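The chains carry the letters A, B, C and D, assigned in the order they are written, with residues numbered from 1 in each.
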Amino acid sequence: MAGNSIGTLFRLTTFGESHGVAIGGVIDGCPAGVKIDLEKIQQDLDRRRPGQSAIVTQRKEPDTVEFLSGIFEGQSTGTPIGFIIKNANQKSKDYSHIKDTYRPSHADYTYDEKYGVRDYRGGGRSSARETACRVVAGSIAKQLLSSLQFNAYVSTVGHIELNKKYQELDFSEVEKNPVRCPDPAKAKEMETYIKEIRSSGDTVGGIVDCVIRNVPKGLGEPVFDKLHAELGKAMLSINAVKGFEYGSGFAGTTMKGSEHNDQFNQDGSTKTNLSGGIQGGISNGMDIYFRVAFKPVATLMQKQQTINSKGEQVDMQGKGRHDPCVVPRAVPIVEAMAAIVMADYFLQNKSSKI
Amino acid sequence: MAGNSIGTLFRLTTFGESHGVAIGGVIDGCPAGVKIDLEKIQQDLDRRRPGQSAIVTQRKEPDTVEFLSGIFEGQSTGTPIGFIIKNANQKSKDYSHIKDTYRPSHADYTYDEKYGVRDYRGGGRSSARETACRVVAGSIAKQLLSSLQFNAYVSTVGHIELNKKYQELDFSEVEKNPVRCPDPAKAKEMETYIKEIRSSGDTVGGIVDCVIRNVPKGLGEPVFDKLHAELGKAMLSINAVKGFEYGSGFAGTTMKGSEHNDQFNQDGSTKTNLSGGIQGGISNGMDIYFRVAFKPVATLMQKQQTINSKGEQVDMQGKGRHDPCVVPRAVPIVEAMAAIVMADYFLQNKSSKI
Amino acid sequence: MAGNSIGTLFRLTTFGESHGVAIGGVIDGCPAGVKIDLEKIQQDLDRRRPGQSAIVTQRKEPDTVEFLSGIFEGQSTGTPIGFIIKNANQKSKDYSHIKDTYRPSHADYTYDEKYGVRDYRGGGRSSARETACRVVAGSIAKQLLSSLQFNAYVSTVGHIELNKKYQELDFSEVEKNPVRCPDPAKAKEMETYIKEIRSSGDTVGGIVDCVIRNVPKGLGEPVFDKLHAELGKAMLSINAVKGFEYGSGFAGTTMKGSEHNDQFNQDGSTKTNLSGGIQGGISNGMDIYFRVAFKPVATLMQKQQTINSKGEQVDMQGKGRHDPCVVPRAVPIVEAMAAIVMADYFLQNKSSKI
Amino acid sequence: MAGNSIGTLFRLTTFGESHGVAIGGVIDGCPAGVKIDLEKIQQDLDRRRPGQSAIVTQRKEPDTVEFLSGIFEGQSTGTPIGFIIKNANQKSKDYSHIKDTYRPSHADYTYDEKYGVRDYRGGGRSSARETACRVVAGSIAKQLLSSLQFNAYVSTVGHIELNKKYQELDFSEVEKNPVRCPDPAKAKEMETYIKEIRSSGDTVGGIVDCVIRNVPKGLGEPVFDKLHAELGKAMLSINAVKGFEYGSGFAGTTMKGSEHNDQFNQDGSTKTNLSGGIQGGISNGMDIYFRVAFKPVATLMQKQQTINSKGEQVDMQGKGRHDPCVVPRAVPIVEAMAAIVMADYFLQNKSSKI
């Protein structure tokens, strides 16, 4: 498995390099009869798009999705949904100067080690541009799961932390600021910090939180394919992610069992939800929430020393237009991956009982 | 996919309930010609076994593995390796009093919601007893990957942190104390704390760190099946795990790119290793290291209030012999899952170039 | 994928060599709540068992299945069903004389080429003994699909053909004669012929037909996983099978479209059924029927010339107790594989519409 | 698994309806470093293309493939190869008259039963147009396996049989006549017959034979994924196929073991090859050969009675330009599917030994 697919019954396969003709994907297994709102898909793409605000890369990519199959008269037909997003930036520039150079903390070196050849125009296949295809599939997954709510948001940028529980937040604020932090004051602080970082040619990391509400009980498969294990894998597969935790997470390791156990109410809901909506790998109907850690972007607008494929030391300097902080654009990607995973379990769960 | 398998080319499928006749598994895809040392497998099982020390559950389970196929004259034959571990505790006691009771923060409630029926004797399928099968497969994976080193260890118990980089540690200390912390002083402190917790009928969480050394370059599949994404999924599939981070992890989110990027040496190794041995989802030959967060065990030796399947509130009290802290026994499980994941990528990587 | 599993949602993995401790398997994905009649499973096993009649091998194998998990209080729990069948003939005889000899038209040579090592005791993993595990899983699949009927029967032995359409047959005759041909006169003729063949130390091939009735409409997945394609693969995976055809089959190639098209009745059923119950890879509710060709058994009770692993010519003579014709014992295996395939599609189909 | 993918390590996923914007596919797992000759791919497509001769459909479809990713500077990069083939015939005509009509022996009825909705423009997803994508992938698989030879050809059309062993044939004749039968005299006879059939508005079936030469030993996975089982599935997944046999096939069922066994030469080759190059599901290095049965095309240029979705009887008459016999255009499809299957096993086999 060369690793370009995710999901079993709701399955996304993507293809495409950052500077090829187009990127695209195939969604196989979307059930027939889902009403597909193409505008909602484009809206989600626009949330991920370069150039959407002053604090993200100013690259020009309209990111318009074209559907080639699987949708007919406004609804899914059960056949595979093929789509492409043309690359605006594909013009063949002269890349010869970076052809043999390995950018630090990028995938250039490891791709060469693994494959022996590499598309050296930009990030090639390792570019986060691939995630646009995930947003398309995630947007369709959300429409399949129309009764669930997926809310991701930025909770930290560098050292600036939101420090509020999700229950205290107003998610309608998320799209009102370019950082996608639901607290306007913190958002402003984060925005200012990102601009500072950018002006120094540097980058910074951050954390995206996500809440899934109105989850049916019983989703997830025990043992290896636990619901949170697949959510974790899906999040860790996003470019630049270094960590994942759900429910009480790393902080829960310091607690005692008597503090951590979630007591039941008589209707099966729980008084607390340190479990994060998942017990034994299966949803219990409470909110699912998790956090995703993103490292600082590796491409700097500063001079760095590195090596070329002959092992010679060379200097390099990031050119073009890169993100100083990836988390604002990562918010729709986190939501998309969450929706893809949940759609797969939703379909799988239909076969758990006779 | 009902979720009881992991891996593509090196694939483990497990079966069995905690109080059934036996648990067991099938390892499909182990290449032919691997010399199999059965004693090493039993040693790994003994590291996970109940009753191994004063700070773990005192249940009696010899956990002796019997191989039924796939090994002939001391080596693997390429055919599936079937094995069973008989349950010593399978005697049919009277479970009627807990039959309809949902233990807080266990999987009883969610299994009932998902399947409509449940093996109510002990944890059934959701019991961590299943992980013994993972240890068997992991031990074989380690023998397949004999040039790699897998070293897991306990780095925190509750609030007691080791606070040392793995490079400063002497891994030969790990098996010398019951906590499996490589620092003898900290280990003692942790042991004392676990005993305290146990005497209060309570439980506590902790963190297991793991280092994989001597990793070939080029392992991992880009995009969805990134090496760290599968490691993360594998770790999150272990009972009680709430979080996973690798390389710089959550702490890396606060760093600047200029601090976080790993500069190359001329041989392709890197001066720092905040990447954690993986770039773009593919190993770069540096050490892989990651951390796994375990919540406190849900079974307490205290009275708890809970509900039964009719939604009535009932009292319950843990009986028998449970672990006050899961991390000492989790160490070999973390190593096993790491080895299973690496074995799969090792085999997959054979097809990456012509 | 080392090839020891079949199915996606209803998934069987088998393990075990003919002369190891035991063979066995894991059924993953059987939905919870299926009433499991263990006697019916043993009855199906007894139909495949050696020694059941005078025209099959007289080897002694009780073939008693032991379930280890996944069934509780008479019904499936949704967790994996693990089972083993102990090998009665596992005693370590002296196999050194055949250790390096390749039996003609067996898998000895190809296993050595593929794996470099081989369990030389009997057929090892390539033995048809493995199919006992398929019968166990198939019997459970039939119980899951209790409203469908699976009827396989012998339609030819060597040149002796039944030459009747399945609609003319009384399937209650099948189990009344050792050949499993539903026409008593033909059955007698076939039985006599098999005895003749056996007395000459030779073997002969034959054909098994199978009919599946009361099939729900809509089972099957288009394009690569067409219902008949999976049925074909499942049948071709049975030892000694050389061909598969369904509906009009090879004979249909000589027909004109105007003769071959199945005209509709007003209720959606068809006046003829040359399609064999499947159109575009999806069941249309008509009977599914197909034919499976078995070659003559390769083990002869005659002297044959062959080679050893050094390429030296050596003589060999089959010893022990082999089947002169495989089709009577293949009947329950064909039914089992059909049921496994149908169970998988039955579960998959639950996710085809919202 | 919605069934639009084939293969594990060399994996093709296709999408697209006959009258949508485009059809296309993704090849995941093609190793890096395969030299890709785009002209050879287009040549294979041209062998499948409508309008290529007087005896096939005269529909206009240039079938030009556009690669979007995975090929760089003339070779595969190891990343997914995405491609599309635009539909020339996609103009939205008025299909309202056939919208609710079920064509006999087509997939209209079963798609409606399965999905509840259907793209009623032409065959939609069930159209054999999808096989163009298979030809693209097969052509790349052949380039990966450049030392193997894949030769398919027409061996019967209706009652007209070639009746020659493949060893007697000159495969260079295949592309010299529109029928793709390697015997010029028989080809002429078949061509005349197809023209007769067409002039009567009818259709006829036929058989395609295929030989794979220069096969490495050891390809195939035992038990469920036997080499011939996957070949069979792949062939049965081609539109209109009703049967598959390999080696001695159905005729082998009438033979005795003493006639059927393939005796070894001292170099491990066999004196005869009734096994068809595969023993125990694994290639033995001899030629692989098999036969694929195609039913007559269901679309007739005659009036037929049928029903609509309300169950009312209606008359219909095929319009447009259909194939009177599918086998001439099926030859490159059979080769393509054979190459895809062999490529997958070739890659899988790299992990069979350490």
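We take it that a residue touches a chain if its C-beta (ideal position, glycine included) is under 8 Å from a C-beta of that chain, and two chains touch if they have at least 3 such contacts.
Owing to the predicted nature of the structure, the values given are computational and were not obtained by experimental measurement.
Chains making contact with subunit C as well as with subunit D: A, B. By number of C-beta pairs in contact, A-D leads when A-D and B-D are compared. Chains compared, subunit B against subunit C: the Cα-based superposition rotates one onto the other by 180 degrees, nearest 5.
Centre-to-centre spacing of subunit A and subunit D amounts to 39 Å, using the average Cα coordinate of each chain. Once the centre of each chain is set as its mean CA position, subunit A and subunit B turn out to be 26 Å apart. In whole angstrom, the spacing between the mean C-alpha positions of subunit B and subunit D is 46. Shared contact sites, meaning residues of subunit A that touch two or more other chains, fall at 1-5, 8-9, 14, 29, 32-33, 78-79, 114-116, 125, 222, 348, 352-353. Residue ranges on subunit C touching subunit D, taken from their complex, read 1-6, 8, 14, 102, 104-107, 109-111, 113-116, 125-126, 130, 156, 158-159, 197, 202-207, 217-218, 220-226, 228-230, 232-234, 236-237, 242-250, 252-268, 270, 274-276, 278-285, 293-300, 302, 304-307, 311-313, 348-349, 352-353.
In the complex of the two chains, the subunit D residues touching subunit A come out as 1-5, 8-9, 11, 13-17, 20-26, 28-29, 32-33, 66-70, 72-73, 75, 77-82, 84, 114-119, 124-125.
Interface residues of subunit D facing subunit B in the complex, by the touch rule stated above, are 8-9, 29, 31-34, 78-79, 144, 222, 347-348, 350-354.
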